[in-house]
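Below: one structure in structure tokens.
Note that the chains are named A, B, C and D in the order they appear, and that numbering of residues resets to 1 at the start of each chain.
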Amino acid sequence: MPRIVVDVMPKPEILDPQGKAIAGALPRLGLTGFAEVRQGKRFELTVEGEVTEAVLEQARTAAITLLSNPVIEDVTRVEVIEDVQ
Amino acid sequence: MTVETPLIGSSAAPIPDETLTGIRVGVISFPGSLDDRDAMRAVRIAGGTAVDLWHGDHDLKGVDAVVIPGGFSYGDYLRAGAISRFAPLMEQISAAASSGTLPVLGICNGFQVLTEAHLLPGSMIKNNHLHFLCRDQRLKVENTTTAWTSSYNAGDEIVVPLKNQDGQFVADERTLDELEGEGRVVFRYVGGNPNGSRRDIAGISNAAGNVVGLMPHPEHAVEAGFGPDSSAFGDVGLRGGVDGLDIFTSVLKKLVK
Amino acid sequence: MTAVKFNIDTVDHAVQTPDVELPWAALGLKDNEFQRVVEILGRRPTAAELAMYSVMWSEHCSYKSSKVHLKQFGDKVTEGMLEHLLVGIGENAGVVDIGDGWAVTFKVESHNHPSFVEPYQGAATGVGGIVRDIISMGARPVAVMDPLRFGAIDHPDTPRLVHGIVAGIGGYGNSLGLPNIGGEVVFDSVYQGNPLVNALAVGVLRHEDIRLANASGVGNKVVLFGARTGGDGIGGASVLASESFDAGKPSKRPAVQVGDPFAEKVLIECCLELFKASVVEGIQDLGAAGISCATSELASNGDGGMHVELTSVLLRDPTLTPGQILMSESQERMMAVVTPSNVASFEAIMDKWNVEYSWLGEVTDTGRLIIEWDGEKIVDVDPRTVAHDGPVYNRPFHRPTWLDAVQADSFSADRPADLKAAVLKLMASPNMCSKDWVTNQYDRYVQGNTALAMPDDAGVVRVDEETGLGIALSTDANGRYSYLNPYEGARLALAEAYRNVATSGAKPMAVTDCLNFGSPEDPEVMWQFAESVRGLADACQELGVPVTGGNVSLYNQTGGVPIHPTPVVGVLGVFDDVARRTPSGWREDGQAIYLLGTTRNELDGSEWANLHGHLGGQPPAVDLGAEKTLAAILVNSSRDGMIDAAHDLSEGGLAAALSEAALRFGVGARIALDELCERDGVDPFTALFSESQARAVVAVPRSEEVRFNDMCTARNFPRLRIGVVDAENGALDVQGHFVLPLAELKEVHEATLPNHFA
Amino acid sequence: MPRIVVDVMPKPEILDPQGKAIAGALPRLGLTGFAEVRQGKRFELTVEGEVTEAVLEQARTAAITLLSNPVIEDVTRVEVIEDVQ
């Protein structure tokens, strides 16, 4: 079944304690190539049937009302993905 | 039946036992560990000597056993236990634990660290109700041959506090069958599964039985007056439950032998 | 790091350009306030100075409307009240001597508005902020509490707030390893757009470990450590995006702060290690007004001067302007003063805990707080004028015109015939139902010293493992009582918290308060505030317990409608040995149940009246003399082993107390009301639902009855044997009226919150 | 600065309590077009300088050692993204 992916990231100006903890751990594993890490969420919404514009619109609504908190997060993507891994 | 006003500490006053005092149990602290001092207190109340270990050290200080305590190491931000697993001291612990010699107990966050370090199978995900849950939990002790459970009788039930947010134990069916088949399910929830854990599993061991992980907190049921309000071994005074104490006496007695 | 080059508004520049338009109004300063700043400086302020004055002179930081009233907490203390006070009002938190060289510091604060905007983070950072106050006194935090108020339970916005706030309190407190030992959950539509999120923290220290927020010792180093500074909490000040006020480019500053409890936990351990190694001279947490507050307070409380290089501040967002850096309320930061000889030891401890720090400057004796940006002077002020000499208002107030009519409208609904149904209805109501759904999300075990917590009357924590020395805490407020009569309402809040602490067996010692009110610019609200402070100060004097610190939260109103005046009062009590604490439920079959105190026909403002949508009349009468005697009886009988259970009577009266005492351990009782009704001249309904004060029910072992009665007689305190514990029947049997099976009671009592929120 | 994105999703056979809760909430908002929801994580690793093959390799290592737990999660993507939003 087709899926719509919704990516949600912490707003750039907002503190991301999770990303910060990861950024602190990477060098201890010898992985020193990264200046910053941000951790966000990725949702996969499986669509029953065809992905119509109406369904996509539903996904966009879900993204801004339920899946993200507009005070601290941005929805960075709402997109249909191929059903392959 | 008359019961006096319960006095804290009365029933948990340790009977000093020179041989047990000689046993050194290390408790490792990570940044964000919370129940480390409590685990050390439990070791002392059980009669052993508690040794504090620092995650960043490379030295196990010659301890005879190790407790990885509860808490939110590194905030549990990525996954519970995920970052702690890479602490320098964990290398020593992993080596000694997998050789089957060093008894290691992971409580709550400690259990999560052990699964992340692959010293125990499976993993923990968010509770099925998605909330942090703190409650007094009844458990059944199903394996009394491990380093940490030998003071119990098979089938004993105990009441110890449970408190976590990511406490749902998961593993694939094959692993679960294997755990069951080899008797490595050490503790099981009874009287209601608090978080959706597969097959009501609350604690497991490795094949050798020296490494045990347990989600609820036995170190909070070791001192009368500060434990749960109930015990599976009969009526207790106010906050008089000390059912967790035998986890710590188990390892001390085993090590004395 | 090289500083970002702004078009910096230096002191020199300010002198040369006296006529530049400054956005003082947008920053919240009033015309006269801005004029005062100009007067103080003898020139226009620089952008950075304006930022500092505007945040430090805000209501939140300067207490400009409340100061003249709060003075009473100091004026009305007696010698005796000061006896155990090691540090009083004015520091980050008060410190109380509890004996054996131990001291306790505690304080309650509000985080109301941020929690409405972003419930999870607002509540979380509320806990974080109050805990830092406790650390900065030199103490190890040992517990938290959370008095909460929400709008109507069935309002569509209430689940958002309940879920977010409860998860936020738990998410932060649990991650810090601080047991949550009590609080309140109240639903009332007056809090719809203004939930109250108050957080209390308590810490423990040895006398010699007390640290104060002052910068003394010329040449000592000033260091900022903990989290990096970001743009948090300066959303309202976006006008400062350009320090020269010529470019109007919009700035995107987060209006909410995100908490990092892990960083704070590390900060706690790291600070405790600093204290143990004696490497800090003075320390201050960074809360509201961030670096502005820390530098100006440290300097003015110490030798009077400080010199700081602002580009040394480690930033999360490199585009921040100097004014924004000064105003930022980024969480999990501390500022300390360190002697040059301790610098290396300080750095070693930071490195061990992996905490970032930066040396900002040093203490001077110039009487000036000088802040430079890359060597250019952008602030040159007398720190006292920023930290302490803010405006003070004697705001007009008058008794509300509507109050007479409200007070005349006494509750007169018919007494229900079915008392069993009435008890069930009461115990299932949003305010009287079990709060387990909330409190089960909080860790009450961590640290291993919790001797009593929810749902008992007070939280009890052991301080000294050797001796059992410990403390008890309770927080209370009743907004409806305060609405009906703010003077008496504040006294009632104190009376209840005091009674709760004594009920647990502890001797009440000290008070903290969080005064939640509407707008001080409304003379009627201001009157409520003035009356509340007067009432609380009077009552503290009468009970002999000093206020050691607290917080004022004003402007809690939506659409011109203020919340009920809600003075949340926290009382701290002390135990010689927490082994003697008294639980709120009975367990032993056959023990005698006594009611202490007198019952009057006092249903105005009660939970029962509230259930019928009625709010009028006068709140229950306050008799602090009776409260004192009751407390003495409860404390003595706990110490001498004369009682095995005690539960105070407050909201919901005897009906609630009996129900809760039975549900605590699932043990029933047989109760007879006849003698009580006859003695006090009340009907059975009133006996059960009146909220008369200075009352408690206790369970007395048979062997202690004589001694217990003698003690009450000696103190001339009314008591009545109203029943007996019945461990067999599994019911609350109020003879001649109803038999209420505990299973039935438990079910309705526990179902309410899950029904709405699970 | 360029970023490498790492997507991590719960394994299909592992129950995803958060995804389930979201799937339960969507219809209450009138969003009925979705059969299933899975919640995963999205990491953005900011690279100091150029994204060389070595850095990408570091990201892959981070993805499988630290950023995901193979018992319950799959790494579904490790990829450089353009520095645009």
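Just so it is clear, a residue touches a chain if its C-beta (ideal position, glycine included) is under 8 Å from a C-beta of that chain, and two chains touch if they have at least 3 such contacts.
Small disclaimer: the values here were computed from a predicted structure and weren't measured.
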Chain pair showing more contacts of the two, B-D and B-C: B-C
Distance between the centres, which are taken as Cα means, of chain D and chain A, whole angstrom: 7
Separation of chain B from chain D, taking each centre as the mean of its C-alpha atoms, in whole Å: 32
Computed distance of Cα centres, chain B from chain A, in Å: 36
Per-residue overlap in chain A, given as positions that touch at least 2 other chains: 17, 21-22, 25, 29, 39
Junction residues of chain B, two or more chains touched: 74-75, 77-78, 83, 86, 129
Where chain C touches two or more other chains, by residue: 260-263, 354
Interchain pairs in contact, sorted by label: A-B, A-C, A-D, B-C, B-D
List of chain B residues in touch with chain A within their complex: 74-75, 77-78, 83, 86
Parts of chain A lying in touch with chain D, wherever the complex brings them together: 1, 4, 7-9, 19, 22, 25-26, 29, 31-48, 54-55, 58-59, 61-62, 65-67, 74, 76, 85
Residues of chain D touching chain B in the complex: 10, 13-18, 21, 66-67, 69, 71-72
Chain B-facing residues of chain A, complex: 17-18, 21-22, 25, 28-29, 39
Chain B partner contacts - residues on chain C that touch it in the complex: 167, 170-171, 174-177, 260-263, 265-266, 269, 352-354, 439-452, 462, 465, 468, 577-581, 583, 587-589, 641, 644, 665, 701, 758
